[in-house]
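One chain, chain A, appears in both complexes that follow, with chain B as partner in the first and chain C in the second.
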Partner chain A sequence: MTKQHANWSPYDNNGGSVVAIAGADYCVVAADTRMSTGYSILTRGYSKICKLADKSFMASSGFQADVKALQKHLSAKHLIYQHQHNKQMSCPAMAQLLSNTLYYKRFFPYYAFNVLGGLDNEGKGCVFTYDAVGSYERVGYSAQGSGSTLIMPFLDNQLKSPSPLLLPAVDAVTPLSEGEAIDLVKTVFASATERDIYTGDRLEIVVLNADGTRYEYMELRKD
Partner chain B sequence: MGDSQYSFSLTTFSPSGKLVQIEHALTAVGSGQTSLGIKAANGVVIATEKKLPSILVDEASVQKIQCLTPNIGVVYSGMGPDFRVLVRKSRKQAVQYHQLYKEAIPVTQLVRETAAVMQEFTQSGGVRPFGVSLLVAGFDDSGPQLFQVDPSGSYFSWKASAMGKNVSNAKTFLEKRYTDEIELEDAVHTAILTLKEGFEGQISGKNIEIGIIGEDKIFRVLTPAEIEDYLAEVE
Partner chain C sequence: MGKAVIDVPPKGGFSFDLYKRNAMLSKDGVQLPPFTKTGTTIVGLIFQDGVILGADTRATSGSIVCDKNCEKIHYMAPNIYCCGAGTAADTEAVTDMVSSQLQLHRYHTGRESRVVTALTYLKRHLFSYQGHVSAALVLGGVDFTGPHLHTIYPHGSTDTLPYATMGSGSLAAMAIFESKYKEGLTRDEGVQLVTEAICSGIFNDLGSGSNVDICVITKGNKEFLRNHLQPNPRTYVSPKEYSFTKKTEVLLTKITPLKEKVKVTEVGDAMEE
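Moving on, here comes the complex of A and B:
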């Protein structure tokens, strides 16, 4: 008697890739805008990037319904924080909150693969990368989603991250300028679009620095 | 607690609009040993009498001033056992905050949550209000802060305050000697002099307790030897 398996899954994967790169005084968060299911495209213009706080942007690939719920949850928590503290949450604080929120659903996870990017309390760029259940680490750059296996090795090659096992801890923020980092992001997505069927259509880039926040867009291949 | 015979609130309004239990709690505080706090320009000092019921009591085992976090300390007037319960709860709240945000809890947030606990006990079934008033001293990104929390759950920020037996004399004394530019060292001397005003018997490093927090943002309780040094300077 073989075990009966569910013929319905609560999850779906809507595909897409997300990337974030931290600089000395800026942070770049980027994601493609294609939303898929199976081999079909649901829409070519869906934003995977969410502003959680003035200096915290989250980009998430995976199951967008769970992503939307996660974004709403964190935004609500941030609003309460603002009411109680009379100020915005710092990016490292948001990073810990996101980790706790994900682990809270350890046994029915948010199917979301997140990168959190922003500026820390000193104005330096920070990027936090997560798995679906909240394990996280502060890094200099990261990629998640369907194209991450294509993107990450290239970022490793270009940005030469020091080992997280080194003591004393070595700062991983890239010495690249803001413009160079944005060009790198555009290159990386153009390449990923070539070989990953779930990545493409348009690239949305969010750039955070001391002057504020800027949005940039670039067309990607639509096939 | 729901099924208990005492699932109604014991703290109820009197016709005059007062919560008599809270008034009585404040009386318990008012007959407790004097404690005080002074906020300086570069830190905060809190102090209290430590009168023990007998010379046989090991005074080193009695700690009336406690730290809630590395940068927040607290002293009380009133019932010691009630104080210990609040210290436990506050410490847990501070740790939970850190687990959520990986940041040290701001003084205002911890005071708010502690006050909320004290208020709960004025509106819950089968419990009585806490018989303590707290003076919370802390140093965070907003600078040095001093808060008083009452059994009702109301809290106030003070530049300098006193509680307990000698409160009116102590406050008058503090009003005269306080300046906005007072430095921590001066504040410690002023705290000792204020305690001395209402002190019965010979003041020494063993029958008062002093806690300070400076710009290093580390709260610590002074040793009896350090207190003796300050007392010598004050003489």
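Moving on, here comes the complex of A and C:
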């Protein structure tokens, strides 16, 4: 007698792609603004990027209800931290908090695919990439979401060291300038939009550097 | 020559030889590769002088766009065209097959093909496959008896309608038709309405996208407007040219010459032509 499975799922996938690239003194976090379900579009103007601290921005693709809950949880935890320590959380500290929060629900996970981008205490760009249950790693760049399989190989080609077999290992940040990184992000999203039905409408880019935070927007294909 | 036993699939129909293997694989958790579906918005409407068919141009395989500009309006006869939604291979195969059958029928009868003939060939074929041939069609044309528009479902049922939509974007397109359709539209009004309906599918349905194809069929004439509208250009082209300088790294070069099995010697005349 085979086990009866539920014909109702608590999860849904609202689609979309997110990308983050770390530079020597900047960090770029980007996400498309399309929210969909099945073959329909729910809205063309939904932000997947959340400011968790002055120097920590999280972009999440997946089930947006879980993402919203996760963002609220982290913001609340950050507020308490500020009261207790009289300072903002650093990006690496926020990265650890996010990992712990995700693993806490190991057996009923947040259906969220996250990238955390920001500046570390030295002012260098940092990007952390996660899976749904909190496994994370500091990297120079990352892509998550429905278009990640289209975006990541291109970023690997443009940003990664030629071969992992060649030593010495390359630093975690990319040698690109801020302008070049933004150009790369725009190209990569325009390309992902062509081939992924869940990515499109508009691109939101957040740029963090020593001067502060800047928001940029770009139109994407709406079909 | 002895008896050569060749494993040939039975004439026509499906071969279920791999059923056991597939069942075993799916028990091990291996999923079937997604076949190319056309997602799709296809429409047809009858206007003053004939029939107008419309279609989008996106073909999807799962959530990936595999063809950004495919042709979904298929030729059936000089006066009959058919839009196809569903599995791309099925729509292509069934329309090609019936198109050939219609040509043979034309030779047999010495007359222009009728839309109801194409309709009957298609529905008989689809019904006999009990819905396994996943083709949902909008068939339109003008023959001696006048303009005709039909929808055909994968299981073989048909409808005769003044305006019709099929595919994943059919609801988005039908919303437009139900609001704006009226009898006795002129050619330009008809083309405008069809374009609007397809655009509704393109922008509101994720399975449809890219361009609008139109086909206008009237008595004794047809106009195939491929890419009549292209409302989705690429939004960003980098001013900087991307270079792909990183090649696969050569870590070691070692040449091992193969041992010669046959000694080649140049002898006398070359082979005669």
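By definition in this document, the second predicted complex is superposed on the first by the 211 of 223 C-alpha atoms of A that agree within 3 Å, B and C clash if a C-alpha of one lies under 4 Å from a C-alpha of the other, contacts with A are read in each partner's own complex, and residues count from 1 in each chain.
Note that a residue touches a chain if its C-beta (ideal position, glycine included) is under 8 Å from a C-beta of that chain, and two chains touch if they have at least 3 such contacts.
Here the structure is a predicted model, which is why all the values come from computation and not from measurement.
Participant: A:Lys72 in the overlay: touching chain B, chain C, both, or neither? Say first, second, both or neither.
Facilitator: In the superposition, A:Lys72 contacts neither chain B nor chain C.
Participant: Based on the superposed arrangement, let me know which partner A:Asp223 touches: chain B (first), chain C (second), both, or neither?
Facilitator: Touch status of A:Asp223: second partner only.
Participant: Of the partners chain B and chain C, which touch A:Ala93 in the superposed model: first, second, both, neither?
Facilitator: first
Participant: Check the residue A:Arg106 against both partner chains and state whether it touches chain B (first), chain C (second), both, or neither.
Facilitator: neither
Participant: Which of the two, chain B or chain C, is in touch with more residues of chain A?
Facilitator: Comparing touch counts on chain A for chain B and chain C gives C.
Participant: Can you list the residues on chain C that touch chain A in the complex?
Facilitator: Those residues of chain C that touch chain A are 39, 58, 60, 63-65, 68, 168, 202-210, 231-232, 234-240, 242, 244, 246, 248-249, 251.
Participant: How about chain A: which of its residues touch chain B in the complex?
Facilitator: 84-85, 89-90, 92-93, 95-97, 100
Participant: Using the touch rule from the top, collect the residues of chain A that touch chain C in their complex.
Facilitator: Contacts found on chain A: 36, 38-41, 146, 150, 157-158, 162-163, 165-166, 180, 183-184, 186-187, 189-190, 193-198, 218-223.
Participant: Hey, which residues of chain B end up touching chain A in the complex?
Facilitator: Where chain B meets chain A, its residues are 99-103, 106, 109, 112.
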